[in-house]
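Next up: the structures, one after another.
Each of the two complexes below includes chain A, the first together with chain B, the second together with chain C.
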Partner chain A sequence: MPGLTFEDVSITYSTSGRNDRGEVHAVKNVSLTLPEGGTLGIAGESGSGKSTLAMSVLRLLPKNAKITGRVAVGDTDISDLSFGQMRALRWAEASIIFQGAMHSLNPVQTVGAQITEALALHVTDKWKTAQLRQDRVKELLTLVDMPADKTASYPHELSGGQKQRVMIAMALACEPDIIIADEPTTALDVIVQKQILDMIAKLVSERGISMLMISHDLSVLATACDQIAIMRYGEVIEVGDAREVCLNPKEEYSQKLAAAFPVIGDTESRMRPVTRHGDQPEDAEAKIDFADDGPKREVLLEADKLNVTYTSSGFKVRAVKDVDLTLHRGEIIALVGQSGSGKSTLARALLALQDTDGGEVRFAGEKLPAGGRELKAFRKKAQLVFQDPSAALNPKLSVYESIAEGLRIHRYQGDEAEAVAQALTDAELTPPERYFGAIPQELSGGQRQRVVIAGALALGPELLIADEPVASLDASVRGEILGLLLKLRKKLGLGALVITHDLGLAWNIADSVAVMFRGEIVEQGPTEEVLMNPQHEYTQQLLDSAPSIRAGAA
Partner chain B sequence: MSSSVPPSTSAISTEANAEEPQRDSSFLRYISTKLGGAALSLVMVVILGFFLFRILPGDPVAAIARERQMTPEQVQLLRESYGLDKSLGEQFIDYIVNVFTLNFGESYVYSQSVSSLIADYFWPTVLLTGTAAILAIILGLWLGTRAGWKRNSRFDKFVSSSSLVFWSVPTFWLALILLMIFGGTLRWFPTGGMVSLDAPSDPLGYSLDVISHMVLPVITMTAVIYAQYLMVMRSSIIEEATADYATTARAKGLKEDQILNKHVVPNALLPTVTLVFMHIGGLIAGAVTVEAVFSWPGLGKLTFEAITGPDLPLLQGTFVVFSAIIIVMNFLADLIYRRLDPRVRRA
Partner chain C sequence: MSASTQTPKRSPGSVTWARRRNAVAQFWREFVQHRAGLTGLIFLIAIGLIAALAPIIAPSHLLDVTQLLDQPKFAPPSLEHPLGTDHQGRQLWVRMVWGAQVSLMVGVAATLMSMLIGTLVGIAAGHFTGWVGGLLMRIIDFFLVLPSLILAIVLSAVLSRGVLTIIIAIGVTSWAGTARVVRSQTLTVESRDYIARARALGAGHWHIIIKHLLPGVMPLVLANTTLTVGAAIIAESTLSFLGLGDATQQSWGTILKNAMDISAATSGYWWYVVIPGLAIVLVVLAFTLMGRAVESILNPTLRSR
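Now for the complex of A and B:
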C-alpha cells in the first residue's frame, strides 16, 4: 500500500492577459512525506499553496501550472504516467473528499448516479455488474450513516452534512489507498463538523488508508491528523508531530496560526483576538474598561417574547419562539447556535427586515416603527454586516461609491467625501484616499470586510448586527476584524450583536452569550459564565464539538 | 442569568434529521399554477388586442369605399355589417363573445372568415419558422458548447465572431442578397412563394418542390438567429466548466469529453433552454420580414397585408394567435425546465 511523496516540488502558474501577474510561484521547493496508513495535515491560509499542492497529486491543476520536482504515489512518479494511466489512477488509488457541502456534487444528478459513475469507471471484480454496483452504493451510504434510499436524492435535497457524507462515500467507493481531504468541514457548523471529522478519522484508520488533509483551521487538523505541516507563501515552514506543532510551535507564524482560534477558558485570549501585528494594547484597555462598568448601561435594543413563523408548503415553522433579548449600549452579545437554529431570522426580525407575529422589539426604548420616515431613521442607526464580503459588495461599484451609497440614501448633509474618508479611517483602511477608487476585486478578503464595516459606520450607527462576520476570512484576518469590532465599540460606543456558530469568537470578543437552539434562546449570560459553566445540555454539546488544538493532547 | 430547563438528550438535534427536506412532488400544483398564469396572460392579450387596433389611424370602411363607387347609404350599410356603427363598448362585448367561439369576424380585405384565413396561413409559418428554429438551436447549441469548452481557441474566435456578424446583419438585407444571388443570378432556388404552379402532384415531387422554396428563407432566418443561442450556451458552458463538480468528475477519472457531455452540458443547458423557448415564440412573430421578402404564404405575410388595410378583424386574429403561440412556448419552457432541473422538479 503506497504512501505519498513530494520531493522538492515547485509549482508555478504562468499568467497572461488581463490578470497578468507574470509567473506566480504557488508552491516552492516543498518536500513532504505521507507514510503508508499515516495522516498528514497541511495548514495554511488562502494563497499559501496548500490546495495547489494537493491537486498536483492527481494532476488536476489547470494547464498554465508547471510542476517541477517529484510527486509520487507509492513508487509511481505521476509525471511518468500517460494521460490514460493517470485517469486509471484517479479515484482508484487516490481519491479526494472535496468540500462537498458546497458545489462539488453535480446538482442535476442523483447522488447514487454520481457514486455509481466512479464505480463504473474503475470496475473491479467486486462490482462487475450494474446490480453489484447498486449494492455497493447502498453499502457505502450505510457506511457513512446515511439511509440507503438516499441514492435517489439530488444534492439540493440533502443538508450540508449529508452532502459531505455522500462525498466521503464517493471517495471511499473504489477502495483507494490514499484520500486527500480538501477543507472537508469548512462550511459546516461545529456539531456536524465533529461528526464528519470523527467519521473520516474512523473510516480511514479502519481501512489503513493514508490521508492528506488540508485546512485553514489548525484545530481541525489537530483532531484528525498524526502529523501537521504549516505552509505559508508556498513554502512549508514547519512540519512535525501534530501535538508538537499545535502546542509547541517553533515558528512565529505557526504560533499565530495556533493562537488564531482561541482555547475557551484561556484568559490570555479573552477579549484579545490575535492579529497579524501582535497584541494591540488598546484591546487590553478595552477589556478593563468594560469589565468595570458592566451591564448597568442604557438599554439599546430589547426583544420581548418575539416570535417568527414561516409558512412553507402548508406547514408552519416556528423559526423564532418567544425570544427575550437585551442589548446595552456598548455591549457585544454573541448569538450562537447551529445552522437552522433561527439566529439569522432573529437578526432580521430585530432589524425590522422580517415580519414577526407576536412579541415586540424596542430600540432605545421605542417600539420599532412599521414604516415611513421613522423606519428610515431607524435603518440609519442599526446596520448589518454580512458573512461574505465578496457577495455583500457590488462588484461594479468602487469602494467610495459603496460607502457613499448609504449616505446618499439618507441625504447626508455634510461633506460626503469627508464622511467616507472618516468611515474608512474608522475601519482602519488608511490612508482612505488610497481605497476610494478600488473595486472589491482588487482587495483582499479582510479589506473587503473592512469596506463593508466602513459602509455601516459611515451612517453613524448605534447598533451593529454582524452575521458570521469572520466565517469566510483567513485566521489572521479574523483576529484583525474581531479586534476592529472591539475598538469600534470602545471608540464609538457601538452595541453589537454578533451571530456566529463559533464559540471561540464569543470568547474572543463578546461580553455575553446567548445560545439559540431550535428557535429558542436556551441559555444566556456573561460569556465566562456560559462558556465555562454551561447549564444547558445543548451549550455543552456545542462546547464539546468545537475542535481544539489541544485535541491531540487529550 | 442562565435560564430554561435542559431538554432530554433525544431532543438535541444531530444534522441527520435537522434539515430533512420535504419531498413534495406537487406536479399538479406546478402545472396548474403555470397554466393559470398562461390563461391569465392570454385573456390580457385578447383584451389588449381589441383596444390596440382601435387606436390605429385610418378608417377601414373609408379605405374600402375609396376603391369603389359607393353611395353614403352603401357605406353606412357596410359599416353596419362590420358592426363598426356600434359604440366601443358594444363592439368590445361582441368581440369578446366571438373570441371565445374562435370567431374573429370576417376579413375586410379577403372577404373571408379570419379563422379560416389564419388556419390556411398557419401551417406554412410553422413549417418555415419551425425548420429554421430547429436548425438554429442545433447549430447554436452545438457550436456554443464547443466554443465555450475550448474558450479563446481559434475555433471559438472564428465561430463567435462570425455568428455575431450574421446577427448584426439586418434580416431583410440578408434575405434580399440571398434572393439576388441564389434566386436571381444563379437561379438555383425559386425567388418566392411556397409551391410552384406546375408542382408535381406525387408526394415526393411535391415535397421536394416545397423544400426548394424553403431553402433561402430558412437559411436567412437561421443565420440571423443562431448567434443568440450560441452566445448563451457558450457563456453558460464557460461558467459551468470551472464549477467544482467538474473538478470532482475529473478527479474521478472521467475523460474530458465525458466531463463535458455528462456533467457540464446538462447544467449549462438550464439557463439556455428557457431562453431558447422564449425565443421560438418571438421567432414566429418575427417571421414577418422574411415572409414578406420571400412572399411566403404565412401569418407574417398575412399580418403585413392586414396592417396596410387596416383590416381590423384580421389584425386582431393574427395578434391573438401570435401571442397565444408565445404564451404556449413559455409554458413549454417551464415544463421542460422542470424536467431538466431537479431543484425545480422537487422544490
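Now for the complex of A and C:
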C-alpha cells in the first residue's frame, strides 16, 4: 500500500479579469508525508490552501493552477503520468470524499447508479458483471451502516448524514489505498458528525487505508488522525503528532487554533472566548458585575406555550411545540440543538417574523403586536444577527448604507452619520470613517459579521437574537465575535438569545442553556448545571458527541 | 470622534457617489474592450444622428411627390440617385433617412414601455406571495400565450392608426417574457438573508422593493432592454408592412410594404427591397451586439465563454 508524499510543492493560480490579483500563491513550499496506512490531518482557516493541496494529488485543479515540486503516490510522481494513467489512478488508488455532500451528488440519479459509475469505470475481476456490481454497491452501503435498499433512493430523499455516508461508500468503492477527506463533516451537526467520524476511523484502521483529512476544526482532526499539520497562508507552520500539536502547540498560531474550541468544563474558558487582542480580564469583570445585579433583573422576553406548525403538502409539521422560554434583561441564553430541531423557527417566531399558532410571546411584558406602528416599534428594539454575514449584507450597498438602512426605515431624527459611526465603534470597527465606503466584498468574514452587528446596534436594541453567529466564520474570528457579544452585554445591557449547535459556544458565553429536541425544550438551566450535570438523555448524547481535542488525543 | 482628525473627513454621501462614478467608469472601460459591442454602439450613434438630422440632410420637399414629376421612376442606384428611386420617383435614400426616425423611435419607445410593465409586474409577482402573486402570474401567462402579432394587429386596427398606436401595440404585447425573467431573479434575491435582515429591521414592502429588489434585477433588465429593441424594430416593420402604420409617415416597414405592393422583387427593382431590409438587419444586429456586451459585463458568470 503506497503512501503519499509532497516534496517542496508550490501551487500558483494566475488570475485575470475584473478582480485581477496577479499570481496567487495558494501553496508555498509544502513538504509532507503520509505514511502507508497512516492518517494525516491538515488544519487551517479558509484560504490557507489546504483544499488546493489535496486536490493536487489527483490533478483536479483548474487549468490556471501551476504546480511545482513533487507529488507522489507511492513511488509514482503524478506529474509523470499520462492522462490515461491518471484516470486509472483516480478512484482506484486514491479517492476523495468531497466537501458538501449536498452538492457533490447528482440530483437526478439514484445513489446506487452513482456508486456503480465508479465501479463501471474501474472494472476488476471482483465486479465484472452488472450483477456483481449491484452486489458490490449493496455491500458498500452496508459497510457505511445504511440499509441496502437505499440504492434506489435519490439524493434529496436522504438526510445530510446519509448523503455523507453515500459519499464515503463511493470513495471506498474501488478499494483505494488512499482516501482524501475534504471537510467530511462540515455542515453536519454534532451527533451525526460523531457517527461519521467514528465510521471513517473504523473503516480506515480495519482496511489499512492511508487517509488525508482536511478540516478547519482541530478537534475533528484530533479525533480521527495520528498526525496533524497546520497550514497558514499556504505554508505548513507546524506538523507533528496529533496529541502534541493539540495539547502543546509550539507556534502561537497553532495555540490559537487549539484554544478556539473550548473544552466544556474548563473554568478557564468559561465566559472567556479566545480573542486576538487578549483582553480577557475585561470579560471576566463583566461576569462579576453581572452576577452582582442578578436578582434585580427584569424579564425582557417571554414565550408561553408557543407553537409553530408548518403545512407541507397536506401534512402538518409541528416545528415548535409548547415552548416556554424566559430571557432577562442582560442575560445571554444559548439555544442548543441538532439541525432540524426547530431552533431557527423558534427564533423567527420570537421576532414575529413567523406566524405562530397557539401560545404567545411577550416583550417587556407586552404581547407582541400583530402589525402596524407597534410592530415597527418592536422591530427597533429586537434585532436579528445571521449565520452567514456575506448573505445578510446587500453586496451592492456600502457599509454606511447597510448600517443606516435601519435608521432610515425608522426615520431617525438625529445626525445619521454620527449614529452610524457610533454603531461601528461599538462593533469595534475603528476608525469608523475607514469603513463607510467599503462594500461587503472588500471585508473579511469577521468584519462582515461586525457590520451586521453594527447595523443591529445602530437602532439601540434591547434584545439581540443571533442565529449561529459564528458557524460560518474561521476559528480565530469566532472568539472575537463572541467576545464582542459579551462586551456589548456589559456595555449596553443587551439581552441575547444565541442559537447554536456548538456546546462549546454555550460554555464560552451563555448564562443559561436551553436544549431543544424535536421542537421541544427538553432541558433548561444555568450553563454550568446543564453542561456539567446533564439530566436529559439527549443533552448527554449531545455532550458525548462534541469532538474534543483532549478526548481525541488521549 | 477623535480619529476623524487624522483621516480626511468625507461625507458618506460623497463616498457613495465616488464609488458609483467609479463603477460607471469601470463599466465603460470594460465595454470598450468588447469590439463587437463598441462597433454596434458607434453604428447606432451614427444612425441616431442621421435620423435626428433628417430635415437638414434631406429637406422634406424631396418627399413631395408633386414636385418630383420630372424624376424617373424605378431608377437603379447610380451617381445621380445613390440608392435608386421608388415608384413615385422619390429618392430611396431620402425615404430611408426619414424612415430611420420612426423605426428608431418606435423601437426605443416600445421597449421602454415593455420594460417598465415587465419590471413592475415581474417584481410584484415575485415579491408578493399568496394570491396577489398567483394572480399576477396568471396575467403574465395570459400575455405569454397570446399570439402577440395578432394582438398587435387587432390593437392597431381598433385604435386610430399612427406611430403611437404601434408603440402601444408592441409595448403591451412584448412585456410578458421580461416579467417572467424579472420574477425569477426577484425570487432569487428575495431568498437572500439581506432581505430577511431588512425585514427584521422593520422595512416595509416599498423599502425592500426600491432598495434591494430593483437594484438586484436591474442588470438583467438592462441587458434585456437592448435585446428587446431589436425585436421591437422588427415588429414595427412587420406592422407597417401589413399596412397598419400611418401611411403618411415614412418608415422602413412602409417602404417594404410599397415595394411589395408594386411587386418590386419580381420586377427586378432589387434595391427597393434589399436596402430597407438590410437597414433593419443592421440596426437589430447592432442592438443585439451591444446587448450581448452589456450582458457579459453585468453577468460575470458569462465571462470567458
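The rule we apply is simple: the second predicted complex is superposed on the first by the 544 of 554 C-alpha atoms of A that agree within 3 Å, B and C clash if a C-alpha of one lies under 4 Å from a C-alpha of the other, contacts with A are read in each partner's own complex, and residues count from 1 in each chain.
One rule holds for everything that comes next: a residue touches a chain if its C-beta (ideal position, glycine included) is under 8 Å from a C-beta of that chain, and two chains touch if they have at least 3 such contacts.
A quick note: this is a predicted structure, and the numbers were derived from the prediction, not measured.
Superposition of the two structures on chain A shows chain C clashing with chain B. Within the superposed three-chain model, A:518 lies in touch with chain B and out of touch with chain C [touch as defined at top].
More chain A residues lie in contact with B than with the other chain of the pair chain B and chain C.
In the superposition on chain A, A:351 contacts chain C only, with no contact to chain B.
In the superposed model, A:437 lies in contact with chain C only, and not with chain B.
Once the two complexes are overlaid on the shared chain, A:265 sits clear of chain B and of chain C alike. In the superposition on chain A, A:208 makes contact with neither chain B nor chain C. Looking at the shared chain after the overlay, A:493 reaches neither chain B nor chain C. On chain A, the patch touched by chain B and the patch touched by chain C do not overlap at any residue. Put simply, chain B touches chain A in their complex at residues 1-4, 6-7, 9, 12-16, 18-24, 26, 243-245, 247-255, 262-263, 266-267, 270, 340-343, 346. Of all residues in chain C, only 1, 3-4, 6-7, 9-12, 15-16, 18-19, 26, 30, 192-194, 196-204, 207, 211-212, 215-216, 300, 303-304 touch chain A in the complex they form.
Of all the residues in chain A, the ones that touch chain C in their complex are 17-18, 351, 353, 375-376, 379-380, 382-384, 386-388, 391-394, 396-398, 400-401, 404-406, 409-410, 417-418, 420-421, 430-434, 436-437, 439, 452, 455, 459. Across the interface of their complex, chain B is touched by residues 58, 60, 87-92, 95-96, 98-99, 102-110, 117-118, 121-122, 145-146, 154, 156-162, 188, 191-192, 195, 312-313, 315, 338-340, 517-518, 520-526, 529-530, 535-538, 541 of chain A.
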